[in-house]
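Encoded as structure tokens, the structure appears first; notes follow it.
Note that the chains take the letters A, B, C and D in the order they are written out, and that residue 1 is the start of every chain.
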Amino acid sequence: MSAELTVTRTARLANWNVAIIAITVLVLIVAAATVDSFGTSRNFGFLVLDLLPIALVALPMTLVIVTGEIDLSVASSLGLSSAVMGYLWNANQPIETIIPLCLLLGAVLGAVNGFFVTFLGLPSLAVTIGTLALYRGLAFVVLGDSAVADFPALYTDWVTGTIGGTPIPNVLIVIVVLAVVFGVVLHATPVGRAVFAVGASEQAARFAGLRPGRLKFWLYVASGLVAGLAGVLWTLRYSSARADNGAGLELAVVAAVLLGGVSIFGGRGALPGVIAGVVLLGALQNALRLSDVSNEALNVVTGVLLIVSVLAPNLARSVLQRRRT
Amino acid sequence: MSSRKPQLVAALAVAALALTACGGGTTKSDTAAGNTPETVSAGTKADPNAPLKEGLKIAYLPKQLNNPYTDVEVGGGKVAVEEIKGEYKLVGPNDASASSQVSYINTLIQQQQDVIVVAANDPNAVCPSLNQARKAGIKVVTFDSDAAKTCRDAFINQASTQGIGESLVKMASELAGGAGEIAILSATPNATNQNSWIKVMQTELAKPENSKLKLVKIAYGNDDDQKSFTEAQGLLQSYPNLKVIVSPTTVGIAAASRYVSASSYKGKVAITGLGLPNQMRQYVKDGTVKKFALWNPADIGYLAAYAGAAMSSGQITGAEGEKFKAGKLGEYTIGADGEIVLGPPTEFTAANIDQFDF
Amino acid sequence: MTAVDLPAPRRSSLDVVLRARELGIVLALVLLVAVTTISNPRFVSGQSIRDILLGTAILAVLAVGQAVVVITRNIDLSVGSVLGLSAFTVGTLLQNNNLPVLPVLLAGAGVGVVCGAVNGVLVRYGNVPALVVTLGTLYVFRGITYFWAGGSQINADELPAAFLDFGTATLVGVPYLVLLAVLVLVVTGVVLRNYRMGRELYAMGSSPQAARLAGIAVGRRTVGAFVVSGALAGLAGVLFAARFGTIDAAAGTGYELNVVAAVVVGGVAVFGGSGTVWGAALGALLLTTIGSALAVLEINQFWQQAIVGGLILLAIGADRLVAVRVAAGLKKRGSHVS
Amino acid sequence: MAAGTPVLRVRAVSKSFGAVAAVREVSFDLYGGEAHALVGENGAGKSTIVKMLAGVHRPDSGTIELNGVPAELHTPADAKAAGIAVIYQEPTLFPDLTVAENIAMGRQPLGRFKTIDRAAMVRQAAQLFTRLGVSIDPNRPARGLSIADQQLVEIAKALSADARVVVMDEPTAALTGVEVERLFAVARSLRDDGAALMFISHRFEEITALCERVTIMRDGRHVSTELLAGITVDEMVRKMVGRDLGALFPKQDVTPGAVALSVRDLSRDPVFKDVSFDVRAGEIVALAGLIGSGRSEVVQSIFGVDPRDSGTVEIAGKALRPSSPKQAMAAGVALVPEDRRQQGLVMELSIERNVTLPRSRSLSRLGFLTGGRERRSAREWTERLTTKYGRLSDEVGTLSGGNQQKVVLAKWLATKPTVLIVDEPTRGIDVGTKAEVHRLMSRLAAEGVAVLMVSSELPEVLGMADRVLVMREGRLVAELDRSEATEESVMFAATGQEASL
């Protein structure tokens, strides 16, 4: 079973990564050519802002999923970070204190996930469904149903603004910097090598002297930290701290990561593919909306893409095998 | 997975605390004064005699789609837009979230609409985008739920806040027989409309003639059918002596009526508030609901279209005192802060409900 | 070496633990009800109990279906969307159209069967993990409902009175919906416990590889489990329509998390092989009761979600600790050749 | 032995996995009332034959006939329906279900309305256990059963099926002498009832005690089928191995140096207890014993991947913390684990990544890995071990067993260990590679590396080791010098009884 299967698997991964990037580029070109005002610089800004939270959260999520785990609590961590930001702002704390505290909070929330998953050895799916409810609930406890606004214009303007006179949004810097950091960590450091090894075979990784538990713990911390950051940016972008900010985002993030060719079983995936997945989802959404296609269609497209991203390579493989025998 | 990370996190925390200790940085009280609202110039002076432009692109962005009340409102808007030979468009999220509305506003800017008629899910969150729209020359008219005053050109108020609040208390008092416990089942705790009505109600209830009415609880059903349903359930359990539930939201009143009509409380607890005749007809006929009120929502959308068109055509700028004609509804005058009041609400009872279909 | 006298088959310690697992939920329930009742005696009034049971009925039907899938080491996140699609289908069928209740129930379940079959076939024959498939169909089924509904809503006054009566009528004080949920629970519970088919589902979840080697028709059973989950979600859609009377395309949005929570709190292991539908139903009852109790206790309703989250963590954490202790106990009870 | 039509007839079956031909044109017959042994070295293709009979694998060519009719064994269910019961090397139980349910799965006794009659099911299980002479509570879950008990449940399962063909793939590996005797009694009664028995074992005394005929396989091919009465153990071994034994094990004599690895009172409940021994530089020490005697657990505990309850491990006089493979690696310990596919290699990763995985930190520059150094290092070490592969970026799973083992060795030798622990270093690899591995170990010892070898292959133990440590049921029961170590003495220590070789 092994030999042939694994050969095609390598090919499959490479293919899918190339395929998803190609599809994304194609969609961008087609959209720019056919959808009015899709290609404008202003729309580019909107597009980047719209996919900002998904893009950020998808980065650590990629690493978490490559180790064979999952973090469904990210959107709730984002919401809690936003709620706490609003709460502290109402309590008249300086924003310069609030932001680092929200990042710290995110890291702590991630650490709680990490604790349950690695130290207690509980399945991450169940744990993070639990913290998904818990963190969102706490966000409501902190801020109730109210919204906090009036964040300083200096900050909100930066988040929605562009670099100098260029049409490049400021937040793109954040995305690019973090994407590079996570990309390098995953693909060009010993930590990244460990991530793949742990995801492909935790036991073999342990026998190679790696510490899967610690690694996963810190990945959850990173996931929480980035979710906290995304919460801060979300709040500043809408100038509105609310407990329900980002609700449901986790599904879009997981969809983007899987669409990017990361195996839900762990051990496989590449960051460029994930970025392509994020951009593809965001661009499709944007273009469809500009063409007055309803949200509903988008839901269907997202769902179908998600399934096809895993199904298509599987089918291709079985067709290939059938032909060979 | 290096051992340096804990130190890093600790350092971050220390840095944060140090900042607090120094007392430096920007706080809410600093910005409250400093955050001058962005003003977008209203453009040239109004010319009351300018003709209404044809082919205006008028887009409606309600709080969310799939809400029957909203459907009636925008339905009225569609009629008006057709009357003035404009292009009608309806977009909106499936969830009542501000962030999705922002994406839609951005899309509408891209599509170079002439007028955006919006019901804000969060008065502040939509502000930056609305101002971007206004900078791009789009007129912004809010309805249903206002956005911050600094980021829209006009607000269509379904009725004066005072009028609705008073009429809600009047109905409650009649149904309670002038004395007893009443409770409010509202939309979300930060819903602009509901909160201002509740404020008026509270002032009214404080008056001596209403001293025997006791407001025991304000519950929030989040304009979610099921949530409202369970909240009504909770109210009746917690307050056995409750006489009236006042629900100033169409979702809430329908849910509460549905619960009561099928429960043992029917006939003992009265429901009133703001509701849609079509949704309430059944409960009025089976006696659960004696009376409730509402303005004609279709007229709101209708008025909004005319206000937006008048503004886009340069007839008005949104300044207080300006007048414009709104088709079959006649002439309207813009009030303070760009508010345009539709008119007094209608009361519905078993006697008249069959005359209305919305 | 002599033939041994076998000890009479005795209740194993694990059995006791499993019972204790469900006992734990019952205890939590009793405690919760007691505390709430002390603060407000009307909490145990007939109407209040009826309301809680009605609320539980829908969640429990979903939880039973979910438990069947989870026991086979899969998950079905699409149940909320299936419920929505089924509720809207039923609403449309009944819109100004007086059909008897039974065909309506079947129609709702039928919608669910189709959805469940799609999930099952993709999982089994497409080799796509259940999490991915049902996450995808969560979007797809919901999208289809929105397409179809196009923003319309079906109101109670458009539904035949007979159907709405079904939502509120009772038999000796017990609402029909609750009876239906109990029926579903009992049938599924008995099949899972006392029929070969049911035991094979446990076997598949306990060790997929061993199940294949044991000649279990893993493919058929997997599809079957998803079909059951879909059918029950479809049925829940009918119950939803009957209870709430107002149906729009958003019906049941976000239900999947409550359902998974109920199942996990009810002691069904997320990695399959153990747990019962009774536990899942109890989990649903506990979650619903917490919701009602918070309103009565006038605790900020915002705590509800946080409490649910905490409960999930508590449940899986406690299960883990118990499992470790039981495993240690079992190891010491090896066999002995006499 | 009954004559007439064979119950099972295997005709010229072949099966390949990718480029590897596991079974080539193998034919043999099984008669009712016969106990038939299948022997061969590890990797000879025995397990593949078993899996084809079980319906897990389908033959690429050739046929399997049951009672003279070609059988299509596409799925395990087909095999089960055809009356073939298989007892696997590794038990395949459902941990969450009770023992009784495990036995009855798919054949549960039914009561009214086709419901499962639990009482009858438990009774059946109890009767089977009585027949086997063991006491396992039918109501307990399978989780937590010892390997031996699991094996017994598997046997009960096969018994309950009333199978016409019972295939036993090393069922006795983890059983004690008494349990083996009992099993054989049951097997004989099955055989006398007319069932055909296929028995796979590495213990020749068991084969001769139970079976009438033997089929010998080598490298996926059928070598011969003979009456056991007409063949000696020596001849059998020669046919299995296909060469002279002596030349295989080129251990050079080395004068041992200082103590490199010192283990004192190492315990881990319930796997092993009070294990103490030393390994000196330049020495090869073998850890022998039956499967399940705790050998692998001991070395895993030394390396730190498994925890330990008490005891000390010192490398060149320096104590190792428990549960820290990282520290063990830093101290110069390397472990080539027992299970290559699960423990030794990350099968989905490339050859290059596998070879450099333990060293990725030391190969990085300023914390970054750009690929070049890893590639160069991987090439250097795979070449040193003459590994055959297409490209370094190929998944390691695409290699043959022998080359996979070379990758594992390359991976660990590259860490320049002073203490090399190898667990079953030649399991499932071809003869040529086996010799290479042995030469390599010998050379390493000559260079002053202390080698601790766990092996179940007695000839390998006797040929390679300077000293043999024997474990039985978690305890170190004997230490034999090269001169004292014979198959008899090792087996005696390992089983605690007189072996009849």
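As a convention for this text, contacts are C-beta pairs under 8 Å (C-beta built on N, C-alpha and C of every residue); 3 or more make two chains touch, one makes a residue touch a chain.
Here the structure is a predicted model, which is why all the values come from computation and not from measurement.
Student: Which chain has its C-alpha centroid farthest away from the centroid of chain A?
Tutor: Between chain A and every other chain, the largest centroid distance is to D.
Student: Determine which of the two chain pairs, A-D or A-C, is joined by the larger number of C-beta pairs in contact.
Tutor: Here the pair linked by more C-beta pairs in contact is A-C.
Student: Just how far, in Å, is the C-alpha centre of chain D from the one of chain A?
Tutor: For chain A versus chain D, the centre distance works out to 43 Å.
Student: Using mean C-alpha positions as chain centres, tell me how far chain A is from chain C in Å, no decimals.
Tutor: Once rounded, the distance between the two centres reads 30 Å.
Student: Roughly how many whole angstrom separate the Cα centroids of chain B and chain D?
Tutor: 73
Student: Would you mind pulling out the distance in Å between where the CA atoms of chain B average out and where those of chain C do?
Tutor: Chain centres of chain B and chain C, defined by C-alpha means, are spaced 38 Å apart.
Student: Hey, what residues on chain C touch two or more of the other chains?
Tutor: Residues 146.
Student: Got the chain A residues that touch at least 2 other chains?
Tutor: 144-145, 194, 211, 248, 295-296
Student: When you check chain B against every other chain, which residues touch at least two of them?
Tutor: 94-95
Student: Okay, what are all the chain pairs that touch?
Tutor: So the chains that touch one another pair up as A-B, A-C, A-D, B-C, C-D.
Student: Touching residues of chain C toward chain D in the complex: what are they?
Tutor: By the definition above, chain C touches chain D via 1-4, 6-7, 9-15, 190, 194-196, 199-200, 202-203, 205-207, 209-217, 269, 273-274, 326-327, 329-338.
Student: Mind pulling up the chain A residues that touch chain C in the complex?
Tutor: Within the complex, chain A touches chain C at residues 70, 116, 120-123, 125-127, 129-138, 140-141, 144-145, 243, 248, 251, 254-255, 258, 264-265, 294-300, 302-307, 310-311, 314-315.
Student: Any idea which chain A residues touch chain D in the complex?
Tutor: 1-4, 6-7, 9-10, 184, 188-190, 192-194, 196-197, 200-201, 203-211, 267-268
Student: Touching residues of chain B toward chain C in the complex: what are they?
Tutor: For this pair, the touching residues of chain B are 65-68, 71, 94-95, 225-226, 229-231, 233-234, 236-238, 240, 254-255, 258, 262-265, 278-279, 281-282.
Student: So in the complex, the part of chain B that touches chain A is made up of which residues?
Tutor: Contact set of chain B toward chain A: 1-2, 5, 9, 12-13, 15-17, 19-20, 23-32, 34-35, 89, 91, 93-95, 97-99, 102-104, 106-107, 109-112, 122-125, 127-128, 188-190, 220, 222.
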